[in-house]
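Same chain, two partners: chain A is paired with chain B first, then with chain C.
Presenting the complex of A and B:
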């Protein structure tokens, strides 16, 4: 039966029936069809249990990719509605247009479709595929069918346009490494001709419904309506409620569309307008929430099983959706469980998304790099999802420039407090400057990724930053000898080299400290590892502070010389003050790290409860694993497990009390209140640090009084106040 | 929970095809990730010495399925599946199964052992933590049900005879293990 064109299906046709057989696959130039029946029959009779036919490219390892057909855990096609295609579902009236011949029911059904799409959209954003969520809507899959129904049609068009816009933005930004399900849109009809006009179509539908609302209010207050308007639906008692419910949904969608269009304008030109649309979106969301009571009170349709987790405001099942129809379009492999978020949770999701986008829109587009880094770190504290993070990333790095305006060599020259180098071609072409520019771009993009991914990438780029630091240091020493701390008689070349080295070192340690603190946010450390982590943080932060203080010294030296030469203050005193405050904050962190490391070490040394014995390895192996990337990058150099042990082996609670680390931290937080008065985020952090310091100081005194080896003492460490600094909780049993 | 003493549980290395349905039955019932029979065969055929079963009389109550190989020039063990049925949890059976397998990996020259576990699986995280695993990475939405995972890693000491001697002693004795 070789070389049959169109006959290669063998006997399979008899089982299914010819009507629904797919067209047979034709043989190609290099292939023939051969009947494998006899081979399979012979194998079945000869193979023993556990034996496998294998070949060069089909081994046991390859066989693991096999899917068992009809196993619901693996076969995404098995749980389906029974329809083999979208057309078959449509023929069976799954997605009628209009949704009902009864105008009231039609409106109700459209509201359910809109609401379910809203829940699907939130589910998509939270990490599921478009095919299993938004595009489980048959109306969206065959938009042309909806043309006779202007409301449904306009809503579908704008949904499609928004999905398309977001998929493009996220794909282009490539922020979405492990979240690649978001942008998977294979074979989905995402683009439509004329979609750029979707807003004007929606506006005209909104205008019609607004007029219907005005007309029904005029009627109810017995005023004569100026226009003869056909009502939305047949029940006059429900007209106002339905009009309002529809209007807030349409308006939300319109303003939501505008948010993204404004945010995409280059150089942040649309950010202010975007914020206004965000505010309007939030207002319409609250109207949508209010409509829930009205919609739930209407008796019609079939309710979803659990009304509290229903995907529509009314609680009723929407018509026109079938997630299984796209199973052939989904990613090859086992089906991912797609549980559509409830409508209430979807409202919550969009509220959060809009607040996060508002934060992005409030970004100052004339930034100093230090401020940008601080801003991104603050943003990540909101735990933003992919869409918000992508929009911050594309704002920060556009066309290879910071905020689309400043090339990175200019950014560096300003960061080095040498703005006179901005137009200097030699400076721009310097290999170190070019390399550093690339590292900064990469760092900004990494800081916009999800924190699990981010930490891994930060650990990896430490090598690159460490290598650059080393190269700069070697170049400096070759050129100028060991004069890093000497600032007199320096020419421009020496000035640039020194500042570049200090700045690169400082930011290498900044990356290292973020790498370590993210470990707390990701819950990567167990309590018996806190001691070594705080110790390492202490070491890294000390280096960071040292470099920051060198930068402060350089800045103040420059200021002094300019004053002496009676030149204008090119320096910004506010910026210098901010740098000093930041350095002082790092000092506060250092006190807390040292206090915690020594307290934990003392507990380990004095109390059996804190000792851990593993059968397979010891503390040295765990130290080596946690800090492997830092050690490989020599960030910092000469740090080892033995140094850690030397520093901590003699720690005793009484000694830790005497050193007053936590009191020192409290003194610093008090002194910083003036500098941070205008910044609510910083003030909040100061409060948290104060709480941690106070609680730990008291806990330490209690432990000291009772005795660390007292068997009734139970000490645990919790992150109640600050995500990175633990608070000791002391109990007695 | 039936009272039983540690000596009532018999630990047996994978012995052949007759063990496969027992292993598959346990794993299919208890774990959310889908595995075809080929996955099991891959593990037990190539590394039969790394799969162990726990029996209470005739009943198979737990199993661990592992493999080892090279990853970037490092010899590494991998714990694929670990299951103990519900009525038998909390008695150290899982710890014992894993410990046996890890001991074989160590004796075979592995430098480290790794596995993934759901971030919400407190029992597994505590078990592996006690054995010396660290949480090396967090993997965002790793599982099909959308839950994050930790990549857990155990690094064996490089060449520390004291540590090796201690670990052999602990591993060999039939000591009571911590409750899960």
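Presenting the complex of A and C:
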């Protein structure tokens, strides 16, 4: 008998065990808590090794996912700070207000808090939870406490308002599917009464400090100060430095807040102003960097262990932070080791973010869909983080319209070069047009996500595009079937459905080519697979160019007719010109892809290089693993592993040399320089393509001269010049 | 999934089942169990499984933690679902039962 001493009996209280402390949780109405400890010890000793006592509904598989208590990697409730709650920490003076009774130390400590919050914010943007980063600040968690301290209070308010604004914009746009920690705010006090006044509070604090700065300058130049202003702190030698350090930090916050407020204005109305604030933010950031020297020279505070990776400019430990206090709030995510970025890295992060936002703000709000797609791809080349990507997305798709202005049937009718359809109600209601509009919206949203997620999603939506183009084709074959025959005249109907089909196909191939090239950026292909990847790219790009050229032909036909009618040489020829140079650029890609695929195949055939000898999966399996999603969507139709084998099995180096694919690519790049002269990004790419073509042409000749079967020959492929087109490096050992 | 291990892992017909103690412990399955751990927290959940080492799995568990260090402090709670409490950090273990059955259920004398 080892249990059940009375503890109050019956309902609340219940019975308790003998040795252990009384359980503070009441048992049910007619029940008691009985100590099962001794029974467990005794029974377990009679169990066999590996034997379990469990219920019928037990599943080992499900049990694997049980949260292990007291495991620091799984149990976020594990006790590690010494304090059980924020209140207890505050009672123990972890986050005093003011931070110090000595006014100089107080300012120094506030600067450290501001800097650490800045590093925390960058860490949050980089994928850690808000609770473990910015909201590890006790001042932010209990913002009312800071109200007697106007400087600290104003900074905390605006910090919270910014976090709240970013969480809401990201969760609205849902660009964060994979980076889901960003928007997890659970029980954090993100909103508070009066936060909308944060700017005016900050402005008045800024005003005070700038007066203090003026006063101390006047004093130092021995002019009598006109106003009697109380200094920021007690040491007159440090007054100017402290005022400056604080001012740039406060002004950075102010402009940073403005950037996001301006960017959220509908129809991109605030973009111009946002760019101005971005520029101001960047200049304040450089003042902040300059303040580092001053702050490091001060004899206060206890320095962080590694001053170079310190999270504050001064290198001192900030007070008022404890990430473990609210670790329970980060559930259901397991607790993660959060390494806060160093202050210097955080400055670098914000510079990058602001440049990315500047790129977003430079967006031309009178867009043609082709230009938008090109723009987003260019933007993704900057490898922007979530915050910038989200802002681009909310700009692109607002209220179900492109840039909040043009409904997607307008966009489509313009893309089809049939602007007269815009007002046509039947066209707008057409099932295909509605579906196509939805597909474009999801395409634009997907293009703003991170590239890993983007690739996955692109592969998936290809099916939808494929199905739609199949349906269009069927409708078209039924001779402008019953779906589109509501249009004004049959001729028009035929025209629309034909153009719609071409346009849809073109974009399906565009998505496929983006899917394939992203594989290079994500390093998903091994050198042994380059051959099949370039071959597939070649096939896809060929179709893309074909469709593009069909569209150009139709457009120029329309233009000619219009010109004859109106004798008007307006915009269209210019648009056509850019379209044909885009198709020429694709031709250049095709030459490179074909050249690389054939070169790799020839090396494979002649020197037995780049062969797959994996014990796990053969070439055919790899082919289907890489291109499964494309094949399922029939992009393109009738392409199979056997076709790939058939077209590469006879490749020989001499044949590849004779074909001169790379020479052709070079020829195209030089002819394109004129038409891309105004676009620095495209000029840069042309240069890269030229270098790849030139290198590969020479490498090919060397291989041909030495003989591909020469055992001393070593060929490898590198991406030194272009992210998607490999460059052959030939060595002899 | 269940079938796979019901042969190998489940105590079903193997040795320990013959023991009256094991049978008694088995009777506690599906009851509410309150487990205290070494850092002062308590977990209340449905007793789901135990192994020879004394590691316990609770279903639909709720964590209780005191807001302050003092023993009379109020407690906050949150739901955790399926949890595994390793024997090494278990400091107490209680099961819920009616006043009548507690003697027969838990006594070790028989």
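FYI, the second predicted complex is superposed on the first by the 658 of 733 C-alpha atoms of A that agree within 3 Å, B and C clash if a C-alpha of one lies under 4 Å from a C-alpha of the other, contacts with A are read in each partner's own complex, and residues count from 1 in each chain.
One rule holds for everything that comes next: a contact is a pair of C-beta atoms (placed from the backbone, for glycine too) under 8 Å apart; a residue touches a chain by one contact, two chains touch by 3 or more.
Note that the structure is a prediction, hence the values are computed from the model and not measured.
Of the two partner chains placed by the overlay, chain B and chain C both lie in contact with A:49. In the superposition on chain A, A:68 makes contact with both chain B and chain C. Of the two partner chains placed around the shared chain by superposition, neither chain B nor chain C is touched by A:677. Using the contact criterion defined above for the overlaid structures, shared-chain residue A:698 touches neither chain B nor chain C, since it reaches no partner. Touch counts on chain A: comparing chain C and chain B, the chain ahead is C.
In the superposition on chain A, A:60 makes contact with both chain B and chain C. Applying the stated contact rule after C-alpha superposition, one finds that A:526 touches chain B and leaves chain C untouched. Within the superposed three-chain model, A:643 lies out of touch with both chain B and chain C [touch as defined at top]. Contact with chain B, but none with chain C, is seen for A:625 once the two complexes are overlaid on the shared chain. By the document's definition of touching, of the two partners only chain B reaches A:615; chain C does not.
Chain A residues 49-50, 52, 60-61, 63, 66-68, 71 lie at the interface with chain B in one structure and with chain C in the other. Those residues of chain C that touch chain A in the complex are listed here as 1-2, 4-5, 9-11, 14-16, 19, 21-22, 24-26, 28-30, 32-34, 36-44, 48-54, 57, 63-69, 73, 75-76, 78, 80-86, 89, 91-99, 102-103, 105-109. Within the complex formed with chain C, the residues of chain A that make contact are 1-4, 9-10, 14-17, 19-21, 23-25, 27-28, 30-44, 46-55, 58-63, 65-71, 77-79, 84-85, 87-88, 328, 331.
Interface residues of chain A facing chain B in the complex, by the touch rule stated above, are 49-50, 52, 60-61, 63-64, 66-68, 71, 73-74, 127-128, 178-179, 334-337, 450, 452-453, 455-456, 522-526, 529, 612-618, 620-622, 624-626. Contact residues of chain B toward chain A in the complex are 17, 20, 33-34, 36-39, 41-42, 45-46, 99, 102, 106, 119, 129-132, 134-141, 144-146, 148, 150, 153-157, 160, 163, 167, 170-171.
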